[in-house]
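Structure first, then comments.
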């Protein structure tokens, strides 16, 4: 088994995200996944060590198999239903989250803050935005109703102290504020970036670095984060992507639609 | 066209009910029907003058055709679905009433009172009943949510001043009590018996005879009713069943399952 | 006897579901093994309606296993309700209508148990039962609706029936509490070994009940491959992760019907009605002895009903597909 | 601009439905005739999701008929939203996500209209949009739920978002107001002349929307006989009495997809994205001129997209049925 040597990484940032995120999943779990990195990561986990893992798509699909090279452009096209166990209305697949059938929600993010709140609605003031983003989709529902993994690029403009707008609630203002807001269930669990893997302090619910990728320094992480990150007492170095993992990803996405 | 001569009626009481009830329907209506007399009456109307009438069954059927001689034993067997336009879950077919797609609900009754309330739950005290009856089924929903036609035998023990138990609300205690109870929609419209056809006073909502069958006297109606019936200013004599109508009924129910 | 105990707190409802193994795994077993998954005192939801798609083989197995104190809920309750009461398996039935069927009149067995206060028949309107399962399926504690109000049916269910003024419209609304059975028994035409179930014809309240229940025991006319299911995923109605057991039980609704496979076994049902008309309790107990406790297996039970009846019911059942 | 005006009083909702001719009657017409059934200012619900089963031919006809002031609601809004804004047909879109699709980035047209306050993009969570249609379909003024709370999305919709304490459980619940479109536009694989519609594959929110709307305009890949529908009534998803118009519009979702018939027309979609990336408004208006106002007919529109693309999209569409 050959390992990659930083800084000449033999994989893209997206591939790194997909591999690291896949390792956070467990066999037998029911995973609500967006297309792109989440879908690739979940499929990778299925192929590698979690054959009984089930993927749900927001468009209304339970347990599809993705045909390599035919990745869906969104969760709502027929490509998402190939060889699935069941197809159902959107509202009902989202209600699986509310009823409690889903272990993990898994999506990308545009902007995240220290309490894991996500913004995909407005850059700037909501009433006078610099950029009107596409909005929540099911993001708000997923992050309100289950435990979350988010995979995103680690950039200062994306990792902000307070998001401009809470589209998808994380721990809101930390401590017990999520629970008190009326969300006793779920919450932000892991954030996977091209620099590190983060969790949240059990007490304050502030974002905390649990592991960094090979060759990444604390300074690098800090420099790319717009707030004071906590670091775990035992920050591990993540095992870099294996060739076997990368090979699966490249089979799934030969045109590098989501892994460029 | 031959007419029947009382008292040697050439049809049964049930046939009389079915014919009279069928004439209350209109083409194009959506009718929520029970099996038995309601189904026969609705099918008769369809065959005679209302080809665009649609029958709904509580079991979850929209617009079936009934195969003569294969009448369903309840609204929940496959016989209810023959050549239907759509089959859907019970809850959803009942919700059509709530959403407002249904013109008329049409059922039989065990006990009725002067305000058209129906009892199909208890004879005697509910806590200590003489007879525990089968209960509401969809009766309560239908009579709560749409306009009602009830077809039943005219007997003193069935036509009581106050029902022992309001299973399916009619006008409750008359006047505006139904509306005030939280049921602004629907209400008891017609009661068809083997003696007469009754409506309800617009103001007090008391039961009122609108027409009597050929050869039936007011005394006969009064003697078979457990409360003081109103009589319309112009009580008509109902046109007796035509041979054509009876012929259709006998084709539909050759074994006299519901028309004996 | 208050059904409020049936309303599960949200966190408890979720964690019971999340604690189950929801992975894609085979779960085929026998009727006897599946019966062990139901515990005395459980709230058991029964699929189908009246004489249609009643999971009779599973009920048969539960009665043979001498289950007791079950709270049973169903859309409309037919002869299986008589047998659950007479066998002692249940003393509390939540339903909208309870008797063998209109053509056989009022159930004497139901009357015996309810009039003598030996069992509780908790009556809700048909739509209300359905909306209670639907609320349960959706993970919400109640469903708003507009029937039952103004009737004695609502008064009789007591504190479980609440009303409110709609903050949007000012309408007076009924709030129906969610119904989340501990286990749902559902019979289907076909499913795979994981429990992906496809239903033909009338669905009744089965889908909502499956999603509402903590776990589903499926009986099925036949087990098909997962590949076959995946060819028409838009025909799957119950997803595998709700299911805890899959039992192949051909003609598993007899003497009731299974859409497209067999119609009710009318001769058998007439004979049952005749027995219980004479002496409700004794007639029903004799029937239990002969058809429930006596047979060695489900096939033996069917043999007792008789090959002629089986063939006739199946001929009529298939006829729904004839032009 | 408050959407509370969209919540119809119950008696008004019912009487509008009851006033319609709900009899079993033929209602086949042209796109142009169907477009006349939509009035300026109507709330129009759009079936499908993102690039799937978008009733594009009907939207095309509405834009050509110069409809305006439509309030438009949809599960997720893609290029049809751009075109509805740029054509002036709508200034208010209620949806959960609005852009062509993830791979094409944020819609420049949506940004132009919303950032310059020329139109309102009213954002609700995806499940909330679905539950609002579901409440509308069920004839209740709101649906309880458990998401959107604690977020800024809920704060932004204002008085339409309410919460309550559950009288059964004490849980804090969200109350989502019903959404009852004046008209729903839905594209299906097949239906009969009465409007009994059968859908394959992903259903999205179409069934709830159809039941919630005052009336449905169906476009369909093909019209089949009522006899054919009656052979598989358990495949019917939308009943005829909800439907006011049936229009046969083959390849009626182009350049979006129709499950099992054609996949998205990616070349066309890339070309559209390229035009609007350069100059959002001008690019979109040029596209409207070329593809919406220019063609003589829907067939002419498809011809402009090109036979190669049609064949390729159809080849990929059928492939979902391949092993």
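Per-chain residue numbering starts at 1, and chain names A, B, C and D are given in the order in which the chains are listed.
Assume a contact is a pair of C-beta atoms (placed from the backbone, for glycine too) under 8 Å apart; a residue touches a chain by one contact, two chains touch by 3 or more.
The structure displayed is predicted, hence computed values, not measured ones.
Q: Go through the assembly and pull out the chains touching chain B as well as chain D.
A: Neighbours common to chain B and chain D are C.
Q: State the pair with the higher C-beta contact count; candidates are A-C and A-D.
A: Contact tally favours A-D.
Q: What's the farthest chain from chain D if centres are computed as the mean of the Cα atoms?
A: Greatest centre separation from chain D goes to chain B.
Q: Can you work out the whole-Å distance between the CA centroids of chain A and chain C?
A: 40
Q: In whole angstrom, what separates the CA-based centres of chain A and chain B?
A: Their C-alpha centroids are separated by 59 Å.
Q: I'd like to verify one number: the distance from the centre of chain B to the centre of chain C, where each centre is the average of its C-alpha atoms, in whole angstrom.
A: Roughly 29 Å, centre to centre.
Q: Mind pulling the chain A residues that touch 2 or more other chains?
A: In chain A, residues 61, 81, 87-88, 95, 98, 185 touch at least two other chains, as defined above.
Q: Return the residues of chain D touching two or more other chains; collapse runs of consecutive numbers into ranges.
A: 10, 138-140, 145-146, 173, 201-203, 234
Q: Taking touching chains as linked, do they make an open path (line), a single closed cycle (ring), a hub with spokes (star), an all-linked set (complete), or other?
A: Shape = other; not a path, cycle, star or full graph.
Q: Can you name every pair of chains that touch?
A: Pairwise, the chains that meet the contact rule are A-C, A-D, B-C, B-D, C-D.
Q: If we count contacts the way the header does, which residues on chain C are in touch with chain B in the complex?
A: Going by the criterion above, the answer is residues 49-52, 75-76, 95-99, 101-103, 106-107, 110-111, 114-115, 121, 123-128, 130-131, 133-134, 145-153, 156, 163, 171-174, 201-208, 257, 259-260, 263-264, 266, 317, 320.
Q: Flag every residue of chain C that touches chain A in the complex, lowest number first.
A: 10-11, 13-15, 17-18, 21-25, 137-140, 194, 196, 211, 226, 229-230, 233-234, 236-237, 239-242
Q: Okay, in this complex, where on chain A does chain D touch?
A: Contact set of chain A toward chain D: 35-36, 58-61, 73-74, 76-82, 87-91, 94-95, 97-98, 121, 126, 129-141, 144-145, 165-169, 172, 178, 181-183, 185, 257.
Q: Would you mind writing out the residues of chain D in touch with chain C in their complex?
A: Chain D residues touching chain C: 4, 7, 9-10, 138-146, 162, 164, 166-169, 171, 173, 175, 177, 200-203, 234.
Q: Considering the complex alone, what residue numbers of chain A touch chain C?
A: Going by the criterion above, the answer is residues 27-30, 51-54, 61-63, 81, 83-88, 95, 98-101, 103, 184-185.
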